[in-house]
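Below is a structure I'd like to ask you about.
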Amino acid sequence: MTSESLILFFIVGLVLVGGAILFSSYIAPTSTNLQKSEAYECGVPTKGITWLQFNVGYYLFALLFLVFEVETVFIFPWAVMMKSMGMVAFVEILIFFAVLGLGLLYAWKKHALIWE
Amino acid sequence: MRSIINYLKEIFGAVAALFKGMRVTGYYFFHPKEIVTQQYPENRATLTMFDRFKGEVIMPHNENNEHKCTACGICEMNCPNGSIEIISEMKVNEEGKKKKVLSKHIYHLGMCTFCNLCVKTCPSNALAMGQDFEHAVFDRSKLNKVLNKPGSVLMKGTE
Amino acid sequence: MEKEKLKEIILGFIPEAEISTDTQFLTVNVDKGQLVKLATFLRDSDEMAFDYLFCESAIDYPDHLMMVYHLDSTKHRHQLVVKTKIADRENPVIDSVCPIWIGADYHEREIFDLFGIHFTNHYDLRKIFLDNDWVGFPLRKDYTDPVNIVER
Amino acid sequence: MKEEDFKDNETLELFKKEGGNVLLSTVDSLINWGRSNSIWPLTFATSCCGIEMMAAGASRHDFARFGIEVYRASPRQADVIVVAGTVTNKMAPVLKRLYDQMADPKYVIAMGACAISGGPFFYNSYHVIKGVDHVVPVDVYIPGCPPRPEALLYGVMQLQRKIKLNKINDMDDPSANF
Amino acid sequence: MEFNIYDLTSFTSSFDQLLMENLSPFWAVAIEMILIGVAILAFYAVVGLYLVYAERKVCAFMQCRVGPNRVGPYGFFQTIADLIKLLMKELIPIKNADKLLFNIAPYIVIIASFMAIAAIPFAKGLHAIDFNIGIFYIMAVSSLGVIGILIAGWSSNNKYSLIGAMRSGAQIVSYELSVGLSLITIVILSGSLQLSTIVEGQRDGWFLFTGHIPALIAFLVFLVAATAETNRGPFDLAEAESELTAGFHTEYSGIKFAFFFLAEYMNMFIVASIAVTMFLGGWMPFHVGGWEAFNNIMDYIPPFFWYAGKTAFIIWVMMWFKWTFPRLRIDQLLTLEWKYLLPINLVNIIIMAFVVLMGWHF
Amino acid sequence: MSIHELMFYLFSGMILLFSVLTVTSRRILRAATYLLFVLISTAGIYFMLNYQFLAAVQLTLYAGGIVVLIIFSILLTSHITHKFEPIGIKKMVFTIVAVAAGAILTITTVLNYGFNTVVASSQNPDMQLIGGSLLGYGRDGYALPFEVISVLLLAAIFGSIVIAKKEKSK
Amino acid sequence: MLSQIPLSYFLVVSTLMFFIGIYGFLTRKNLITILMAIELILNSVNINFVAFNRYLYPDQLQGHFFSLFIIAVAAAEAAVAIAIIISVYRQYFNIDVERVDTMKY
Amino acid sequence: MVEEITKGKLEEQEFSINMGPQHPSTHGVLRMMLKLKGETVKEVKPQLGYIHRGIEKMCEKLTYQQIIHLTDRLDYMSANILNEAVCLTVEDALQVEVPERVQYIRTIMGELNRIASHQLWWCAFGMDLGALTTFFYGLRDREKILDIFEETIGARLLLSYNVPGGLMNDIHPNFQKKVKEFITYFRKKLPEYDALLTGNPIMQQRTKGIGMLTKEQAIAYGVSGPSGRGSGFSCDVRIHQPYSAYSKADFKEILYHEGDTFARYKVRIDEMWESMNIIEQLIDNIPEGNYTAKMKPVIKLPVGEYYTRVEAVRGEFGVYIVSDGNKTPYRVKFRSPNFSNLSALDLMAREQKIADLIAIGGSMDYVIPDMDR
């Protein structure tokens, strides 16, 4: 099978979830009361708004993640070729890693890796 | 260099300690003999409670349907949460004396805390602790019990 | 330290305190105005060093309310009971010992809640157990609540 | 466990009669089989009885044998609320709210004297609800103070029997009367 | 080496041919797709349900108890009962929630796991799609699930959910790196991303053994990171029961909740499959170089059983983790990733590259 | 209609629909979700064109990376009840006209231009080829960009840490 | 099979997407939504590159690599952009372009 | 509303969240109002009263024998020690000399109760940290103690075994044998606890240096029991004012000086060892004799005030009875350890993470009905 059949998996997933939810919403008993659809917060009414103030530290992780994800993506083709290209690839990746390792080290030293 | 060695040491130490914990759970996984579960509803036939187990308050009757309660009301008074109500009537006995006779010894199982005070203080030892614990019901009123069996009378010789 | 000696020191500090030695703990009766002064002394002076308030309670007598403080010293291991009368049952007010023993915080809130005694200088005097709209002070002897209490 | 070994069969008969005494269809019994064998409790323990509830979940008694081990902390996902312990005036609105927030079908087990009637706190206490059935509709009462874990298991089996009587389309909201 | 006794390629291709000959191409494809769809659905459901059951039993045994045993023999139908119940449970509409996103979230989570299954080789010739970027594709698809969790948490308008979503976001985002990098270590060794090639490459020894130390480290890192990525204990911060009640799915009820529940187990299955394929030779039997007799005996066990057995083992190990360790705190979690796993991984890749360069692998 | 055509119409339909929704939705997280769908459909197009590696990169980086990042920042800066005010009719009409003009112009040009398309192979470039070119020095090699990317990423790390970590400048 | 779909179809789709992106870029006030619009634009360009590569020079990979690098650059750009957005947010507690430039630094 | 917040000082704006009353890790129905910034706890406001049952008021209506069964329901995990406290008060007031046998049995029962409670605490603490298996191991071992209780007393949790003047009934003939069996068994199992949780690096990192409470703070807040002893506050009533048969056993007070969550954890683990020591010293020497002193059926305390301190599982438990000479007390006050311990929670949890708050709460071992009374 070729990659076209991916759409099949997509559809099957869609059908599974959609079908089950549809079925359930028709057949399951329902009832309403005043408190049911309110947000649950350990049994007492919610106060204030649902808004969480997070520190920047949090975003730094996400940013770093994105950067390293790009890196991962570019290492994949390299990894495939490593065996056949030998020394050239090795040197290239050493440079690549050295540069990125610098980034990680910088983040480490700047305490960007601490969750506050 | 020192810090790198420490770094590695830390990692290995942590892995070793984690493994120690996994050994415990792993041990139990491979030793089904350690399972302590009692299969309750299946083992009902063999399940015996300790003889002092307090499951409910009962009033033992002998084979002639006689109990020992003289309707003195001491248990009612001693019960810390009012689980016992004695309903008695005055009856004239054969000797012509008026005497309190138990008509209903009402016991609210749904309120009792099994503190044993009623059993202990009953002057004529009319009460005891039963060992039945399967009391769950669908209707709360089913938990109000009358301890003296219908038609039962006071045991001879009990004062 | 023996009770007698403690008694002497306290009397030296507050001469008008009534002290009884024949009870389980040495008991000091002080006027409510002098409570904080005495308490500070008890905590800070080296011979007393009562740094541990292990119980604080109130008692509702027919004509007055009584505050009882049980003190312990972790240094000398001696105990002391301080008692204070609050004559005004309708509107009882007393100084808080919270600044002296921070542990009194919850106890005083409890007493405020259940006896209705107000503590001045308490930093956060709120009801602790009962709902905010609860009326009455349940631990008072004259408390009645026909709705919730089933009398026996 | 055999039918006649259970207590309070009379009330069950009564329920059957109320249900019109119609035979359950296969679908109904399949659904009831599912429901009765997968009763996920809400973690709701207020006091002493909660400890025995925990004991019932532990190795010796193993609640999980009934498929009940999945304690859910969120009422949205729970099926049964085991009221284990005293419910006070201040707690009652919370209990009611939790019950309301549960998804249908939902059941309530009153475990212990306190939940049934206020138990030791029935007389002279100013802050205890005299039975949770004043707050939420109760399906099964398990007396005891606290009931031993087996008693809880027995109560759960009673609840299973009750669930098996349900019909798919007569699941009205039992809290409507409240 | 004879493998063809259990080779399913011929079976699938002949089936394909049969359809092609008798029907128009469009219908042939359509029927094939429907059949495959049904098969996948059934497979998915069965695996999901029985992983839940297995987890209950495994943890029960670790905890000196017996686990579900009253519904069917050994409680075998327990999860089916659960499923029926969940299916019949009310779906509560949440006030102030973003209804659209609230409803979309389970789809995203489930579909992501579905798409990932597409590329897993279960046995020789028994995989839906054999991408030439196989492992990278699985990584890419499974990284989408986190968005479902984030959306679910945010749209519930519930404080616990929000915290849970935030946590799981930070967590999955971090650990995805380690998963990727530890897989790269193996890719260096195999020189291919195609899963079938990778499996074939382990004919004479699983990569875990042929790549010795770096592969072993990568395997351990992968196990940890994969456990974290699937949001399982000890990394289940997003639904940390003792802190956030039910985390990001606090407000989900009935079948919608069931999907989150299911997705967790399916993700576990997927990462276990990846681990098996990449490190433990997929459906390859256990071979020891030189022991022909032994190898031949091993060949008689069908590849699918090899695959299933190994996957079950990895899943069991992951369950073992969950039921032994306390949960990490969020900052520990991130420290573990960024200060330990990631640097180790980077160094490990270099080592592996060096090993390959020098030809030190077996 | 072949499967390919079907998929093309499906994906391009999804792309267009969800891009419109992305830029018009009044709830920000919904916009992000629609963007996610756009990106996934784009990946679908790449799959269809048989550039599997690119499609997977699209999924990993765009859908799994950038969108996650965007959603994170949304979680910080917006609240669930928050809705954008609808833009003024005048501005909207004006923009639509301008944009439509541009679009029509481009599309007519595109449709009138005769591309000499060769569909010699719809082969999927395999990883060996991609890797070889990525690491190669020669005319088709991308070794330099490959290394430059690492520097770029380094710059991104520095930049974002410096910018975001800037302590509360009171 | 691919030949059934002319190249220009891809270009039309990408053009439309491009201009939708432009529309969003012009009408949106929230910085994050503007970022999203930019992503749309970049994506449309990518589609172009890929389609050209497939239809015009199927044996070479220039378009493919171009898109690859565009994606990488987009990621780096998004990272920095979001860092900027966050720092703006921390300054003004708002990320509306209009408000941001009227407020004094 | 949103606009206001966006405009306003978001830096200062805190996010408040409720934990409890129904929450898996508040050990009952404690409600904690948290102010958060990100995941960092800025303030904890415990809200009590969800299980306030008015026991002190009820006691004013009950006789001294009947009070016993209510004290059980305060701190149900140390039921036996609590009702021992009431009995001691009554006996002190009446100047009744209880037989030595009773004292021994009370002490042994109390220590068994302490072990059982610590076992349960260990389960719950593990659960709070997310180690789910601890729950089962702890409760598995606890069942052994419950069996001993049940055989002698007939109840598992709420024992009501002590009555003013002695015991409800004599110990079961098997008692000594069973207890010894248990101790041999548990000495083998306790190291498992260490392997599973104590040594675990995750657990150690989550507890060390978390929830600091210095000795001075502990004393000021009145944090007693194992929680106080983890801060180096020597507050063991069994040592300082021995009651029952504690003076006859040789044991030491477990003190740790770190004052963090881990120290509190260690105190409890070590206390289990120490309790086993105490029991071992006493179990063979239980003197023969009566299981109750002679008491009048209606007990009336002389006018006065009586205070007894005992070492309950969670700290110092005090019974303060004011009598006006009637058969019911005039005022009863229970000084419950948890109540004071709770007041230090805010202090300890500030600037920690949510997960730490849970760990701290777990290490303080709260029993909510005891606070609320």
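The chains carry the letters A, B, C, D, E, F, G and H, assigned in the order they are written, with residues numbered from 1 in each.
Keep this in mind: contacts are C-beta pairs under 8 Å (C-beta built on N, C-alpha and C of every residue); 3 or more make two chains touch, one makes a residue touch a chain.
Since we're looking at a predicted model, the values are computed, not measured.
On the document's contact criterion, could you list the chains that touch chain C and likewise touch chain H?
Per touch definition, common to chain C and chain H: D.
Count how many hops through touching chains it takes, at the least, to reach chain F starting from chain E.
The fewest steps needed to get from chain E to chain F is 1.
Tally the contacting C-beta pairs at the A-G interface and at the B-H interface, and name the larger one.
B-H
Starting from the mean Cα coordinates of chain D and chain H, work out the distance between those two points in Å.
Centre separation, chain D to chain H: 30 Å.
Can you work out the whole-Å distance between the CA centroids of chain E and chain G?
32
Using mean CA coordinates as chain centres, what's the gap between chain A and chain B in Å?
54
So the centre of each chain is just the mean of its C-alpha atoms; given that, what is the distance between chain B and chain C in Å?
It comes to 41 Å between the two C-alpha centres.
Mark out which residues of chain A touch at least two other chains, giving numbers and ranges.
Where chain A meets two or more other chains at a single residue, that happens at 3, 6, 27-31, 36, 38, 40-44, 46, 49-54, 56, 58-59, 62-67, 69-70, 72-74, 76, 79-81, 84, 89, 100, 104, 107, 115.
If a residue has to touch 2 or more other chains to count, which residues of chain E qualify?
Each of 62-66, 69, 87-92, 96, 131, 133, 136, 157, 159-160, 162-163, 166, 169, 173, 176, 192-193, 241, 245, 250-251, 254, 323-325, 330-331 in chain E touches at least two other chains.
Where does chain F touch two or more other chains at once, residue-wise?
Within chain F, residues 3-4, 50, 52-53, 57, 60-61, 64-66, 68-69, 72-76, 79-81, 127, 130, 134, 149, 153, 156, 160-161, 164, 168 contact more than one other chain.
Could you pull out which chain H residues touch chain B in their complex?
62-63, 65-66, 68-70, 133, 140, 143, 147, 150-155, 158, 160, 168-169, 172, 192, 195-197, 199-202, 297
Would you tell me which residues of chain A are touching chain E in their complex?
1-3, 5-6, 8-18, 20-21, 23-25, 27-31, 36-42, 46, 50-52, 54, 58, 61-62, 64-65, 68-69, 72, 75-76, 79-84, 86-87, 89-90, 93-94, 97, 100-101, 104, 107-108, 113-115
Going by the contact rule set out above, which residues of chain A touch chain F in the complex?
Interface residues on the chain A side: 3-4, 6-7, 49-54, 56, 58-60, 62-67, 69-74, 76-81, 84-85, 88-89, 92, 95-96, 99-100, 102-104, 106-107, 110, 112.
What does chain D use to touch chain H in their complex?
Interface residues on the chain D side: 42-48, 50-52, 54-55, 57-60, 71, 73, 85-86, 88, 90-91, 94, 98, 120-121, 123-128, 145-146, 148.
List the residues on chain A that touch chain D in their complex, please.
27-36, 38, 40, 43-45
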